[in-house]
Each structure stands twice: as structure tokens, then as C-alpha cells.
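In the two assemblies presented below, subunit A is common to both, partnered first by subunit B and then by subunit C.
Our next item is the complex of A and B:
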């Protein structure tokens, strides 16, 4: 695999990786913090659990947004020059996956705002 | 044509006839989901039929990139993004404990419900069975557990189910909005007579509730006439008191339902039979026939006269 392909594949999977990171951190943090009795502890004025969920969500959301912009650019470029079928497939897939990852990360963050931390 | 399906929707045991806070949230969730899903199903089916039967040039738009992006991606994303907070807000607001709630304890046993009202202020504590009496307008917290196997406590008109698990206490919170009689059921298979494990829920005006509570805390009435006194003696001689309490008498068994005020209940046998002398006598003589597997023996050898006296005595325990 050439370096270019590796980059393309990473771009394609990037959003999902961001989502996986968010998923792991918020689930692990929620169960650990709640299990240790940190339900009411606060950080910068909001509950630690909420703080963790919100900050993780914002960071991974930003990552997915950047990946989406990059993949949209690549896809647009690809439209104006002749590219191989594989390239065009990877470009379109990246846009789709990064876009969906963005939404999914948002969906995973929302319960952190609405529901009580450890109930 | 609607009469048949809709007839089952209102009434004493229906999630579609809410009578208290949470039940309304669940009701609207059901309506939104059912109606929404039906509309989308019809739309998709129509499009499918269109795709199959219309001439190729007319259905071409269905296969365009734009249709796929708007119909296949944007539409579900928008719908799910609306449903997610709606569901989460419902989850947050349902079953929240309220301060100053009336506390009641319910214990599931094969195949009946032990119900306790802890002391509150002047009001002494007492037990009853197979009946939950509540005042309207006041938040209520029912703490539930089980004595033997897992049961589940469910009053459809008042909200969701809550499991009764041995060794664990779960809480169920609700407020009754209007007076009436409702029916709760066991919603977790618990043995042979699971299907005959129900209870009455009676929502009363606060003043009536207070009167009921004072009355329930009293010891049992003394038999007023010789026939009833004979019933009481037979009850004693029959050993009923080894399983049943009748407060104020020497009957102090804890195994079965408290019978101190059994005559004041609407039903017997965990919501199975109307409460009158006939059904009481039938129950005593024939439990194992009418509720096989219930943990009470049939007393089939009593004479008709003795049965009537005993049933009359129980019926007089208002």
C-alpha cells in the first residue's frame, strides 16, 4: 500500500475512529465516575460526568468536522480530474462516513445534556 | 367496525386510558411512535409500488442521487434527531420521586400481593393485601420487592412496569389524577398462577382516603351475632390463623394475606373473584380447584353450614 492510499483509507475511517474514541471515553468515564460515587462532583461549574461527556463530544465533533471538510475538498477535486474507480469510491465513502460520524457523535453527546449523570 | 378494537382501550386496566402523570407521557410516546411509523410505512410502501408499477421514465427520479440523499439520509436523520431528545426528555421526567410522597410498600408473593402502609404522623402502620388504595392529587411512592421469585408490578393506567426482585427494593412513583377503580397485574411470569395475580387500585378523594386508612389501622371487628361468632371459632379451630393475621384476635400467621379487613376489599384471590359470602365460601372449600397451586389448602370437608358461618365471619370483617 502506498502512502497515498494509507492516507485515503485513514481519511475514510477517520470519522469512525473519532466516534469510537468518544464512545469509549464517555462510557468508561460515566461508569467509572458514577461507580466511584462522583455523581455530584463538579468541574468548572458543571458535573464531572457532564463535563467529560461534553468536552469529549466537542473535541471528537471538531475532529469529525475537520475530516468532513477535508474529504469534501478531496471529493470536489476528484470531480474535475480523471480518477480511478477506487479513488472515486474512497472519496465518496469518506464524505459519507465522516458526515454520518459527525451526526452519530452528536447523538451520543445529547443524552449527557438531557439526562441526570448517574441515575 | 371500530367498536370492537376500541372497546378494549378504555377502562380499569388500560395503558390507553391514562389516569396519572407518567401514564400520559407513555401514552403520547406510544401515539407518536405508532402514528409516525404508520405514516412512514405507508409512504415507503407507496413509493415501492410506484417504483414497481410506474413506467420507467416516470419513476426515474426515484433513483437519482438527490432522492437518495434527501429521502434516504436527510429524512431519517431529521426524524431520529427529533425523536432522540423527545425520548430522552420523557425518560428524564418519568418516574421521578417527589418530596412529601405517600409511602407504600408492595411485596410480590406467589400469587398475591402483600401491601404495607408505614406509619405517618398520627397514622399507625398496617398491612393489607391485593389492594392499593391511594388518595388522588398526592404523589405516591410504592417501594416494591418480592418474597420468593421475580414478579413485576404494573398498573397500566398509572405508568410503566417495575420489577419486584427478591432482596432488592425498586421504587415506582405516580400521582393519581382522578378517583376510580383500576387494576394492576403481575407482568413477569412467576409460576403456575401468574395469570391470576392481579390487584385492585382504588383512587379516593383525600378525605375518603384518610378515613379508609384510619379504618384499616383498627383491629378486626368483634362478631356481632352468634353465627359470625361461630365463624370466628371455626376460623380459629381450622388453623387459618397459622397463615393469616386477623389483628385483635390470636390469628397472627404471616404467611398469607392479612384478613383483618378482608370484608372491605373489592375482590379476593388477588383480583380474581368479587368479594361476597358465596365466593369466600367457594374459595375456602375449593382454592385448589379455582386457583390450583395457590399456597393455601382447600378445606373441602367443612359442612355447608360451617362454610357459610366462616365466610360470613370473613365478610363481616369490614
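Our next item is the complex of A and C:
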């Protein structure tokens, strides 16, 4: 697999990988912080659990947004110049996956705002 | 080596097809001879996907019927209150075996089996890339599965429920061997599933029709690709879980015993990290089947192809974020539950996308109401209902009310029967004309559908109410006057309606299914995909190039031209079995893969492997070890005939395309398989590290326990040095083997020989170091976790040793040189993985307790 193809695969799956990273971090952090009784600690004035969830969500959201912009650009370029059917397909699929990933990441970040940390 | 550029052959007119007519005399006969299956008793050694695939499907269906009979016995028991048709002991075995057999011996093998048969046909490949691996997976499953099922007749079946929660299944509460049958039997069958998954991944990515680029890949192939990747990621968790529980039962290593630092919840995490994706592992192939059937029945291309691919990939990812929704009642923090609740609702979106794509396809065409169509409609109805109750139980507060009640039983049967069994029946009615001389009966098919559709709803719809009014699952009887009597009787009547439907189906099969070598019933549905090309044991006469997702609709005369041998590779370039390997993205021809033919090796290896695991269960350790050695011997015998090297110069496959008959490195199919195997190994190891960290989390202040002394840094540093030194020597051996300097390659086997003691010493030093501190694996979960990490590493080192010795033997036999080096490459990749895993293991075992300072 060439470097260009590897990049295309990463771009296509990138949004979902960002979600997987967010999910792993927020679940692991909540379990560890609650399990060890460290949930009362604060960072920048908010609880450490909420802080971890919100900051992870923002970072992964930004990553998915960047991937979406990149894939949208690639898709738009493909309309104006001849590209192979495979390239065109991968571009369009990556737009769809990264778009869906944005919503899914946001959806997983919401509990951090509305729920108590370790109840 | 780059794939040769294809001439713009995809748009060629008929006159410009890759190979001219007439074809040389004897070309077709030679092709047929190469693919002929063996006769008489040796027939069991056949490896053609058409034979192995059908045996596989038939065996999976046999287990469906056997597990269904167990369900009927349970329904008879529950038809009336206070019944004593079966004892509570037998009832426990019945529900455990029903769930286990349906999930592990029917559902996953059935979809894997169908793909062994269908994928090569659908992608116009001559076979899957590792046909002997398919045969091995099948025979291991066949022997192991039948013996496992046979335990029910001796009262030895597992009885702890299909998810085998400890402490109920630990030695204290289940001292007999029933639980061991589950742990060793199922753990072993999972290995067979992983072998199949490796085959499917490489098959989908590397053996396709020319021009079948990713945008033209059949949705079924996409579904199977995601399915196989999910197996590779998800199944290692259950393999590790069964290993840990068996080690606890056999050696008293307390992973799940709370009094000694273990935690039963660890099992639940490991089980459901596999168990929930498992639902999608069987659902996605079914959706792939539906996405092939609906366009054929509506005579129009699938609407929203890209959205369906998106849905498959998104489901594959999101399904790994759901596992804790089976653990909502275990007291985890609500914040944690909410993440899984969110994922459980989010996963409904991609499933919904697929449902709408099918409805849109039906709406845009003219749907013929055939038996496959009826089963698809039934699937949409039943699965959607199951999905709706799924959204209900995804809400933690509702789940707390419905947990462990018949509501959950109703939900899971709606999802699994709707999401897998109905599509499978649709698929059987749809694809039988590919494998049989006659299609199945439409009239009988409607009876089958009617009985099964009504039966499923009559059985399981009332169960929602039975559960909501309080009937818990897994009770062997219930008292009169609870209000459950009539509902249970109705459910029992429904179960027998389903059985009647299956009986009519069996009659239809007996009456109409006649295996077809070359004269199948043909394209009876006027479908557009390649499995409907004329075919035989050799698959298609020539490998077509395709220009769309429905080539039979868009390329007139394709069937005839393929059958006449006018497309690629119309004969056998090497005189044996071979497949055309194509590039993974654009499906350009890369090389000709020489495929091994029939042989006793996979059959014997599977039999001895099954015997090894099953004899261990009944504690016949010595005989088991003998069988294990014999299995290993058969695998080496099998491998010895592989890696044939460039037996002839590059061959012209037509259209001016000349491809080699042997390649090495990242283009090689076995390189891909080895990478997938390394991902599997990495997932097992990752789950083990997760287990280590989980046990740390539940043992505050006791990691390590007060009486445990950590070893000094010197010994682990020495161990790390030895690992690195062995890897460096292998890298040097690789370079020398690859190099142009012909004076040096003799040192390659010597370097491997020197690396062997180094890598062995590395793991031995670490084991000795821990042993010297007096650390016991059975005193506390800490010791158990440390020894588990070391045990896994020792297993990998032993495997590396065998591979290293085998590589040296190949060299000595003159079967390994600078060109013919696939064996070395595989050993090298595995060696690097083993060293990497060893280093991470050292870091965790020696670094983590120091990092956390015992908190």
C-alpha cells in the first residue's frame, strides 16, 4: 500500500478513530478517577472528570472537523479535475464518515455537561 | 514491485477483449483437471471453496436445528406452570447450550461459511487465498462442535449461562468439568473463527475481478470485510477471558476471586467487549446479503451505495462502544453508563441508514414477491421491532427494570432472528440456484416464511409482556397464579410453528437441492453480480474485468465471453491451481498466486487440534500433549509444501498483461495474513494489559500487595537487551538474505540460530527474576496478572522458536533463498512482534507499579 493510499485510508477512517480515542479516554478517565476517589479534584475551576470529558471532546471534535474540511476540499477538487473512481469514492465516503463522527463525538460529550461525575 | 498499469480494457468493446478466440486446444481441460476434487475417501481432503463452503453451511445449519430442539424442550417445560418435564439441572444445561450453540456454533460459523462459498464467486476469484486454512477451520469446527454438543447426552454440558459469569462458573460454585467444556471448547472454536476472518480479509482485499475497485466492490464483500475486522478486534477478548478463567480453575490464579484481589466484573468486561460486537458480527453479513438480494428482486441498483458502506464502517466502529450496556445493573457510575447509552443510541443511526436504503431501492424498482423477498420483508419488520426495544433497553433506567427478565429474552430474539436468521433464509432461497441444479420451491418457500414469521411473533411478542409483568429469565418453572401461564403457553405454540417452518424447509431442501458441479440452475433472478456467471470447480473459466457494481446488467455478453475464456487467465499458467491477485484499491492484476490443492494435512491437523483441547478438558493431559504435538507436525507438513517460489517466468494473462507467479514482501498475500495475525495477537495482549490495569484499579494500595518485593532494574534491563539483540540479528539476516552479495547469505540461518537462544533467554530471565522474589501467582490477583503476562510472552517465544527452527530447516532443504523468502519474511514479522510485545510487557510489569508507587 503506497503512502498516498495509507493517507486516504486514515482520512476515511479518521473521524471514527477520533471518536474511538475520545470514547477510550473519557471512559478510562471516569472509571479511574471515580474508582480511586479523585473526582473531587478540580482543574481550572471545574471538576477533573468534567474537565477531562470536555477537553477530550473538544480536541477530538476539532480533529474530526479538520478531517471533514480536508475531505470536503479533496472531494471538491475531484469535481474539477479527473480522478479515478476509487479516489472519488474514498473522498465521498470520508466526507460522510467524518460528518457522522462529528455528531457522534458531540453526542458522547454531552453527559459531561449534564451529569454528576461519580454518582 | 508495482502493479502493471492496466490498458483501458475496462471500456473495451467485445472485439478487444483480453484473449482471442479460438482458445488453444486442451487449455480448458487442463484448467478443469487442476481444480478437480479428489474422489472416494479422499473427498474429505477437498479444499475447493465450493465444497468446504457447502459443508460448512450444512454443519452450521445442523447446529441450528440441534440448538432449536433444545429450545423446544425448554418451551415444553415452560408451557405449563410447575411442570417437571425436565429437571432444573438439565434445564440449566439446556439454556446454556441453546445460547452457546446458537451464538458460537451456528450464527458466526454460518455467516463465515456462507462467505467461504460466496465471496470467491462474487469476486470472480478462483478460490480464497488460503483454501487449506478454510478446510482446517471447517474441520476443527466440525469435530470440536459435535463433541461439544455431545456433552448434553452425558450431563456434562456447561450450565452457567451462555455468558458464563464467575463466580458462578468458578471452581467454588462449579467444581465439575461442565464449565471447562465451555471454556476450552468455545475458546478453541473461536480460534477457528479467527482463521476464517484472516482468510476473508485477505480474500476481499487481494483476490477480486480485474477492475473491481473499492467503489465497485459488492456490498456483501464490504460487509464481510468489516465483519472479519470486527472478529480480529473483538474475539481476542473472549479468548483471553476464557484463558484467564481456565487458568483460575486449573491453577487457582485468582483473576475473578474478590477475596484475593480479583474481580468478577473483569470477566463481564472481557466477555461483553466481544459479546456485544458479536451481535453486529452476525448482523452485518446478514445486511450484506440483504443488500445483494434487494436490488436483484427489485431489478434496480442499490440506492445509496456510499451511505450503506458508511453505515457498515460506522457500525463496525460504534459496536465496540456498547459493551457496558449489558452491565447497566452492576453499579458503575452513571457518567460511565451514559457513554455506553449514547453509543447504544448512536449505533441505531447507521442501522437506520441501511434500512432506508433498502426501502428506497424497493421503492425505485419493481419488487418481485419471491420467497427471498418475503424473508427480507420479514427481516425488516422483525429486526426493526427488535431495534426499537433495543433503544428502550439502551436507556439505563428502563434497563434496570427489564434486566434479566423475559423482556430481554424477547428483545434479543427479535434482534437475532430478525437480524440474522431471516436474512440467512432469504440468502439460502436466493443463492441455492448457484450451488444446485434446481432452485428451491417457491410454493414451499412461502409456507416456510409464513410459518416462521408467524411463529417468531407468536413466540416472542408475548414474552415482552411476560417480562414486564415480572417473569425472570432462566427459571426452569414458575408457580400457578403469577399471570404468566397463558403467555407462556402461547410462546410454546409459537416455537412449534417455527419448528414446523424449519421442517418444511428441510423437506424443500431434500426435494430440490442437488449439488451442481458445473450445471447449476443459472441466473434465475436475473441478478447483476458475478456469482451468477457460469462456473465450475475452477470458478469462472476466465477472470472478467468489470466496469460497474452490477456487471451482468451493464456488460452485455459478459457471461458468454467469460465462459469462452476471452477474459484474463483462461487457463492455468503453472499447470496447477492458481488465483489472480489484484491490488487492494484498484484491483489491478499483481501476480499469480499458486494455490495448494487437496491434502490430508488440514484435516488431520484439525482433528488433532480438536483432540488436544477436548482431552485437556477431561484432564487426559499426556494424551492431549501427544495430540498437540501431532497437530503441530501436521501443520508443519502442510506448510512444507507452501512457498513454492517462482516455478516459471512471468506469465501473460491476456491483454498484454504479464505478471509474475511469485512475489515477496508487502505485496504478498501471506504478508497480509501475517499482519492480520499480528493484530489478533496485539489485541489479545492489549486485553491482558487492560485486565492488569483493571485489577490495579480495584486494588487500591495493594499493587503490589504489601508482602511483595519488586525485582531490581538490572534483570528486566538484561531481558530487554536480549530481546533487542535478537531482533537486530534478525534484521541483519533479512538484509543479508535480500542483498545482492551472494557470498554472504549463508550467514542468514546462522544469525537466526543465534537469535533463538537470545529470545528464549530474554523471557527466561524475566520469569526467573519474578520467581526469585517469591511472587506467587495464586496468592493475589497481582501475582496472577504478572504471571499471565509472562505466560503469554512465553507462548509467543515458543512459537517464535518453532518458526525459527522451521525457517532454518527450509534453508537446509534448499527451499529458502534470496528470491524464495516468504517463509523468512513471515518469521521475521512474527519475531519483531514478539520482541515488541516482550518489551511492552517488561515495561508494564516492572514500570507500572513503580510509576504508581503502590497507590
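We take it that the second predicted complex is superposed on the first by the 119 of 119 C-alpha atoms of A that agree within 3 Å, B and C clash if a C-alpha of one lies under 4 Å from a C-alpha of the other, contacts with A are read in each partner's own complex, and residues count from 1 in each chain.
Going forward, a contact is a pair of C-beta atoms (placed from the backbone, for glycine too) under 8 Å apart; a residue touches a chain by one contact, two chains touch by 3 or more.
Small disclaimer: the values here were computed from a predicted structure and weren't measured.
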| item | value |
| --- | --- |
| Subunit B versus subunit C as contact partner of A:32, first or second or both or neither | second |
| Partner chain(s) touched by A:97 [first = subunit B, second = subunit C, both, neither] | second |
| Which of subunit B and subunit C A:23 touches, first, second, both or neither | second |
| Partner chain in contact with A:107 - subunit B first, subunit C second, else both or neither | both |
| Contacts of A:115 with subunit B and subunit C, given as first, second, both or neither | both |
| Comparison of subunit B and subunit C by subunit A residues contacted | C |
| Partner chain(s) touched by A:84 [first = subunit B, second = subunit C, both, neither] | second |
| Contacts on subunit A seen with subunit B and repeated with subunit C across the two complexes | 103, 107, 110-111, 115-116 |
| Contacting residues of subunit A [partner subunit B, same complex] | 103, 106-107, 110-111, 114-116 |
| Subunit C residues within the subunit A interface of the complex | 213-216, 306-307, 309-310, 313-314, 317-318, 320-321, 332-336, 338-339, 342-343, 345-346, 349-350, 584-586, 666, 697-698, 700, 855 |
| List of subunit A residues in touch with subunit C within their complex | 1, 5, 12-13, 16, 19-20, 23, 26-27, 30-32, 34-36, 49, 53, 84-86, 88-90, 92-93, 96-97, 100, 103-104, 107-108, 110-112, 115-119 |
| Subunit A contact footprint on subunit B (complex, rising order) | 77, 80-81, 84-85, 88-89, 91-92 |
